[in-house]
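Submitted below is the structure of interest, expressed as structure tokens.
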Amino acid sequence: MLVEILLAGFGGQGVMSTGQLLAYAGMHEGLHVAWIPSYGPEMRGGTANCGVTLSDTEISSPLVTEPQVLIAMNQPSFEKYAGAVVPGGVILYNSALVKETGEYPEVLVVGVDANRMAEEIGNVRVAANVILGAYIGLSGVISVASAVEALKDVLPPHRRKLIPANREALERGAALGAGGGRAVG
Amino acid sequence: MSHLPRVLMKGNEAFGEGAVRAGCRHTFAYPITPQSELAHFLARRLPEIGGVFVQAESEVSAINMVFGAAAAGARVLTSSSSPGISLMQEGISYIAGARLPCVIVNVMRGGPGLGNIAPAQGDYFQAVKGGGHGDYCQIVLAPASVPEIIEMMILAFDLADRYRNPVMVVGDGVLGQMMEPVEIEPGETRTAPAKPWATDGQGDRPAPNIISSLNIVPEDNERFNLDLAVMYAEIRRGEQRCEEYRLDDAELVLVAFGTVARVAKAVVDRARRDGIRAGVIRPITLWPFPEDSVKRAAARADRFLVVEMSLGQMVEDVRLSVEGEKPVHFFGRPGGLVPTVREVCNEVKRITGVMPGAEDVPAATGVDR
Amino acid sequence: MGLVTFREERCKGCGLCVEFCPKKIIVLADHFNVLGFHPATATDLSRCTGCGICAWMCPDVVIEVDWNGGKPPGERGESPA
Amino acid sequence: MPKTFQRPQALTDKPFHYCPGCTHGIIHRLVAEAVDQLAVRKKTVGVCPVGCAVFAYDYFNCDMIQAAHGRAPAVATGVKRVLPDRVVFTYQGDGDLAAIGTAEIVHAAARGEKITTIFVNNAIYGMTGGQMAPTTLLGQKTTTTPHGRDRETAGSPLRVAEMLSTIDGAVYVSRVSVHSPRHVRLAGRAIKKAFEVQLSGQGFSVVEVLSTCPTNWGLSPREALKWLGENMVPVFPLGEFRTPSAEEAIEC
Amino acid sequence: MPKTFQRPQALTDKPFHYCPGCTHGIIHRLVAEAVDQLAVRKKTVGVCPVGCAVFAYDYFNCDMIQAAHGRAPAVATGVKRVLPDRVVFTYQGDGDLAAIGTAEIVHAAARGEKITTIFVNNAIYGMTGGQMAPTTLLGQKTTTTPHGRDRETAGSPLRVAEMLSTIDGAVYVSRVSVHSPRHVRLAGRAIKKAFEVQLSGQGFSVVEVLSTCPTNWGLSPREALKWLGENMVPVFPLGEFRTPSAEEAIEC
Amino acid sequence: MSHLPRVLMKGNEAFGEGAVRAGCRHTFAYPITPQSELAHFLARRLPEIGGVFVQAESEVSAINMVFGAAAAGARVLTSSSSPGISLMQEGISYIAGARLPCVIVNVMRGGPGLGNIAPAQGDYFQAVKGGGHGDYCQIVLAPASVPEIIEMMILAFDLADRYRNPVMVVGDGVLGQMMEPVEIEPGETRTAPAKPWATDGQGDRPAPNIISSLNIVPEDNERFNLDLAVMYAEIRRGEQRCEEYRLDDAELVLVAFGTVARVAKAVVDRARRDGIRAGVIRPITLWPFPEDSVKRAAARADRFLVVEMSLGQMVEDVRLSVEGEKPVHFFGRPGGLVPTVREVCNEVKRITGVMPGAEDVPAATGVDR
Amino acid sequence: MGLVTFREERCKGCGLCVEFCPKKIIVLADHFNVLGFHPATATDLSRCTGCGICAWMCPDVVIEVDWNGGKPPGERGESPA
Amino acid sequence: MLVEILLAGFGGQGVMSTGQLLAYAGMHEGLHVAWIPSYGPEMRGGTANCGVTLSDTEISSPLVTEPQVLIAMNQPSFEKYAGAVVPGGVILYNSALVKETGEYPEVLVVGVDANRMAEEIGNVRVAANVILGAYIGLSGVISVASAVEALKDVLPPHRRKLIPANREALERGAALGAGGGRAVG
């Protein structure tokens, strides 16, 4: 088993820590993991992407260049990376900010209204975790419990109060994802 | 009690963690992407353990603070990325000339000039041929994973003290920014050997110590340089390090370091699935270059493919080792791009003729120097 | 009377125009613009004095201010405050 | 229909990449307005720093040079010595000018180089992720002073305008801020005056502009302006520190 | 038989290589005497510059480091941060400190580094053959200002003590001279005081010492002292520019 | 009227005189031995002809003033010696990255560190492999006499403008300080070609010009680097220059540049008197290295002897050209000493076996790397 | 009464001791020392007050001054001027 | 014909310009010439040496490592270089400052009381030219007239008033030298 996941969005959408969350959760489940940012310019307002590799054998290249999974939090990210997803892969996107998706016949393309759901939860910054939850629900690559557990690793002590909102995001996303396929959108 | 044997750590933090485990308590640095987390980590960590982090006003100043701290006998670190390392060249030459031990981290980025902050290996020549003036050499280590960064940092401090010479540890943006699991070690750290030559105040010594790189009489300076040469020869004999991966029966030998070596290993795995007997030499010491390993391989293998994130720099050292015995090919992505497994596989197929007739078509991004 | 126009697609929703408009007629809209921000917009243009302070404080030069009849409140580049 | 406010000609139409509420944008606009008002756009050469303003060459609608970190005054010197009749300015942050570029700014001033420097002091390294700058306030938390800048280990804020005003070749030295519309207006006047001093050939001119970094200060844009006014201004008093003798002072 | 004057212990017995009448020798002796008087020789680490004093490590009878041109304050910082209880001083010329080393001295001061700097201002680059220094007087002929330093093209003398005294971390800043026995005595007292300030742990201390370069000034040693008193002192006024609050001033 | 067709000129002055004849009117430099006379000369000369000499506050500043002046369209010069050149490495990388033409003189001295002020060639690697960060190359010229310095300076400015690339002219203390007769040329000087890319104020151009070395998008930076690579390949093909001395029938080929090449020629003359058929390849361009000449020689000659004032740096480029075809020996005097005719003759005799049995005895100052 | 002694072999004949001796009893000798300079020497030691100014102004620490009876004119390191 | 001459002394004894004078004079006589300093440390008070090569064919190496002629202006210079003079060569030394000479059987060793003669001429700084004159008188390698002519090249315009003293030094030295051998001392 070797899964390469790409997460992409605006700086500030929490894409980086969501990727770390996934890596931590994988590590706790005994997988080999690597997390790697494709950090934008030395400046603000750019796009922020990261790649996560989960594998049950040692990871040679930690670079995610042929992702099976794309989590796209905004339109530019979708456009930039959708084409890179390998046949048989899946794209999950934030339908609040991705409006045009185009055709990817060999790929499962799933819209998640993550911004809206995050605002319902009360914190727009948990949107990325909604989509991660959806991916976990959809794929079962790791358990939701591991992801929730890993929130402690990713959130520094003084931000632990954000755990409940993030847990809710993961869980509600997972519930959506477990519904599978187009039903999510 | 939920007790974690492992944490996910950024490469940049691992440089700092490795330094701490090596007993380094003094760091002088100036921020620069993509290595700033190293400074952030140590700015928090060092004061907790009685150490000192000083943010210098520039890299020029940082390397000279390192000079002073090393002269005073400390295990001392600085860290930067390409443009900042260029600014340190005078200082590094002075450190080599004053026979001071220190460790310098270069998390390389795309050049030349301001370039960008993407991963690159275009500072190989600067690191191994001597970017500063004069005939000095620095030991250069190139880890390829986050846990290995920690290991290499400890080795770096040991080598620096053993030879009283600067040691550079090079990474790239990928290595600096990626996270991998790292074992949490018990708290103990190494200590530096005694340094009776240090300028730490005369105290009970019979005479003052002097640290200087000035040898105004040419004959003295020649003697100094020849002594250095003897030491360098010793290092070249004794400190070559590399990883050999699936090399035993390899007809094609990929040579790559750092991040690219991981790509190369994945390429080898894939190529072998296609029936191509490939292997990897991953130089861990860039200087001294593991020429013995390359020479041995040159006796057995059919050809070499050097892969770098540059226009081709280490390839010269491979050629110097191979000495015309076997063809040495090159594939590089300069300026901030990491070669992908797929494109290196294509290059492998092209040069091994598995894609027949492709031999003479230059690869899109392969540059033949 | 002033007329403020917003190049909505470049607004970053920082709220500085909202903060400094003496007439408090600027708000951040509910919707997202292409950049993912809630863009600024004027609620009651008829109360706009054309003072230009909003434009003056906007870090992204999102706002233009026209003076709709009469003498503008000041010289260009000298008007606000 | 007369314009109260429109985009200055000396700015291109490219959107700024700065964070929401970052006052680099305001300062860019003030510089562009000064260039427009003096009608020198076509003979102006600007030099951008390494810092958040590194892409300023995309925003200023005149010939632009991207200089190495801290070296903009040296680069500007090179330009001005070749082309003495051009208008040459540098735009630099506090890491760029007050740390790595200290020697370059001091000696551009000492030589009385006929250039204008816009010095954007936001008390932090914005671009690289919020490290301490020489101008960081005591107690201010940054990524390299996680418990706040401590005088004992990290020293005290460097007051650049005061330092440069000890130098004879620096004929115009002032400090302004952009934390309120009134201060923005005064900042614009100081910047214009600095360019006028250059045009008069009297020597070096510099305007230190107190600016915000909401992102790395961890404040909203509004809070950031407030913090600037309440915390930075007392440490970095506003005013003109040196003016050409004949000039009248600008109220600050 | 009591000695009125004898060679200080903190000097080795090696003859100086300086030109006849060069006051570097007097300043060396004053530093050595301060070290002796404070009885800190065995815990002192000195840092020499690149400049005529590059061989100072042969003359000071304590641990010595030879630093890169201009970087002595950075080197001293490295030493002091490792060994906070040692006495660390730099000895630097005006090319070393006021030109290439501007950033290093300003930031050692800004950090309030607990070191002492002896700044030997002889208005010229002695070692390399008499080029202009930042402190060269207007009209002064040097090998790079063959017709005299011209304000228009080469700027005006940099007044380092004044500049550094704008910096909070610099707790003792004074300027002295050695052109007469009286001034030598005062210079000695200032140097001692600078070391005392370091020992008290209050911050950075620096003494600018006006000095001669008979060789490159093209004057006899006596003429050189006279020239110093008559031409340099008016441009570089003597005095204490900053003292720790509790201290009383030295008459200058 | 006593009219002099020739004057005795110092090498350092010849660098300046050559620059003036090349049409250079702007020099930014910081004093350092052993090249200060260059600054003295131009500080006097340039203002006389409407030019500008600025004494920068440091070499870091000087190279960045050069950056600015080059961006403004001028033919511009800086000059220093080893430690100062190290400080310029960031700036040189920026100049290459911004595609700006300029000329940099390095009158090399003994290193590493402060070293001394004696003649040396220990900065060869720094000059030809890229002392700064990133994948750039600079053209490097190595004159060997005072009149040739003038010639090379003119060539340097022409090449810099032709390729929009920095050009370094290297000498050593001997070359900088010695005096030789030089023809007095009529007053006319060259002019630079038009530079429509210069940032000299938009004026009537339709759009502003931008000079930058920043390529934040890795793909853009890769493209930039590949374009550079194409240009470098063109330079390597077209601009190799060397002097071949008594090479036709040479069994032993001495390879040496600058001052040492003059010694090598004297050695060849003496060796031939002893019946040893020796010749010299004197690289005039150190980059591009005259590999074609060396390769041709490798086909005919029996062996090479590289002589340098260093521990052996150019010898690597000779080996890369010879590719194991023939033995490449090395004789060096590092740290500030100039090899004498006598000792190089001895080395020649040792390796050619004219002193039989001496082959295996290492030369006193020969260092085998 | 003072007693000045010169380490002649390191005198560079700069003349600063000559210039500043209040009693004007120091001159430069006719002969060359090993360094090639005319070294300083005291002509009439009996007039020396032991004030130490000569030593104080000597850049090469050539001179030692002893105090030959009675109290020296000042503290070491504090005496002259 | 190829003559290598080494001139050595203290900094300030005029050794460098005396060497240049010889090179200029050689150049005016149509010879190939090179002048090369062995410049001391970046500092004062060291020794100053230079080498002059005069040749009727092109000069390969301008370095003077096997001098036929040594002009030693002081004791350290004499000691340092006397041994380098090739058999058949000549050493001329300043007898005011060189007191111990030792034995050099195959070399002509000539003392010249140059300091004294220079002080008689009224300027101690012309001592080196006295010895150069002696060498010219002794060897005839160039004419005294060429050397005198070359004073104009070596002395900058504002120091031309020193020409008479220097001419006298050359001429009186040459007269001494023409006397030959030990008689000079």
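Here are some notes:
Letters A, B, C, D, E, F, G and H mark the chains as written, and numbering starts fresh at 1 in each.
In this text, a contact is a pair of C-beta atoms (placed from the backbone, for glycine too) under 8 Å apart; a residue touches a chain by one contact, two chains touch by 3 or more.
Keep in mind it's a predicted model, so treat the numbers as computed, not measured.
Note on connectivity: the fewest steps through touching chains from subunit G to subunit H is 1.
Summed over C-beta pairs in contact, the chain pair with the top total is B-F. Ranking every chain by how far its Cα centroid lies from the centroid of subunit D, the top place goes to H. In this assembly, the C-alpha centroid of subunit D lies 40 Å from the C-alpha centroid of subunit F. With centres defined as mean CA coordinates, subunit G is found 58 Å away from subunit D. As a whole-number value, the distance joining the C-alpha centres of subunit D and subunit H reads 61 Å.
Residue positions of subunit H with contacts to 2 or more other chains are 41-42. Across the assembly, subunit E contributes residues 18-19, 22, 54-55, 66, 68, 99-100, 102-103, 106-107, 110-111, 127-128, 134, 154 that each touch 2 or more other chains. Partner subunit G is touched in their complex by these residues of subunit H: 10, 13, 74-75, 96-97, 115. Every residue of subunit F that touches subunit H in the complex is listed here, in rising order: 6-8, 33-34, 116-117, 173-174, 177-181, 259, 262-263, 265-266, 269, 338, 340-342. On subunit B, the positions that touch subunit D within their shared complex are 30-33, 36, 39-40, 43-44, 47, 52-55, 57-59, 83, 113-114.
Of all residues in subunit G, only 32, 34-36 touch subunit H in the complex they form. Per the touch definition, subunit D reaches subunit B in the complex via residues 50, 54, 66, 68-70, 95, 99-100, 102, 125, 127-129, 131-132, 134, 143-146, 153-154.
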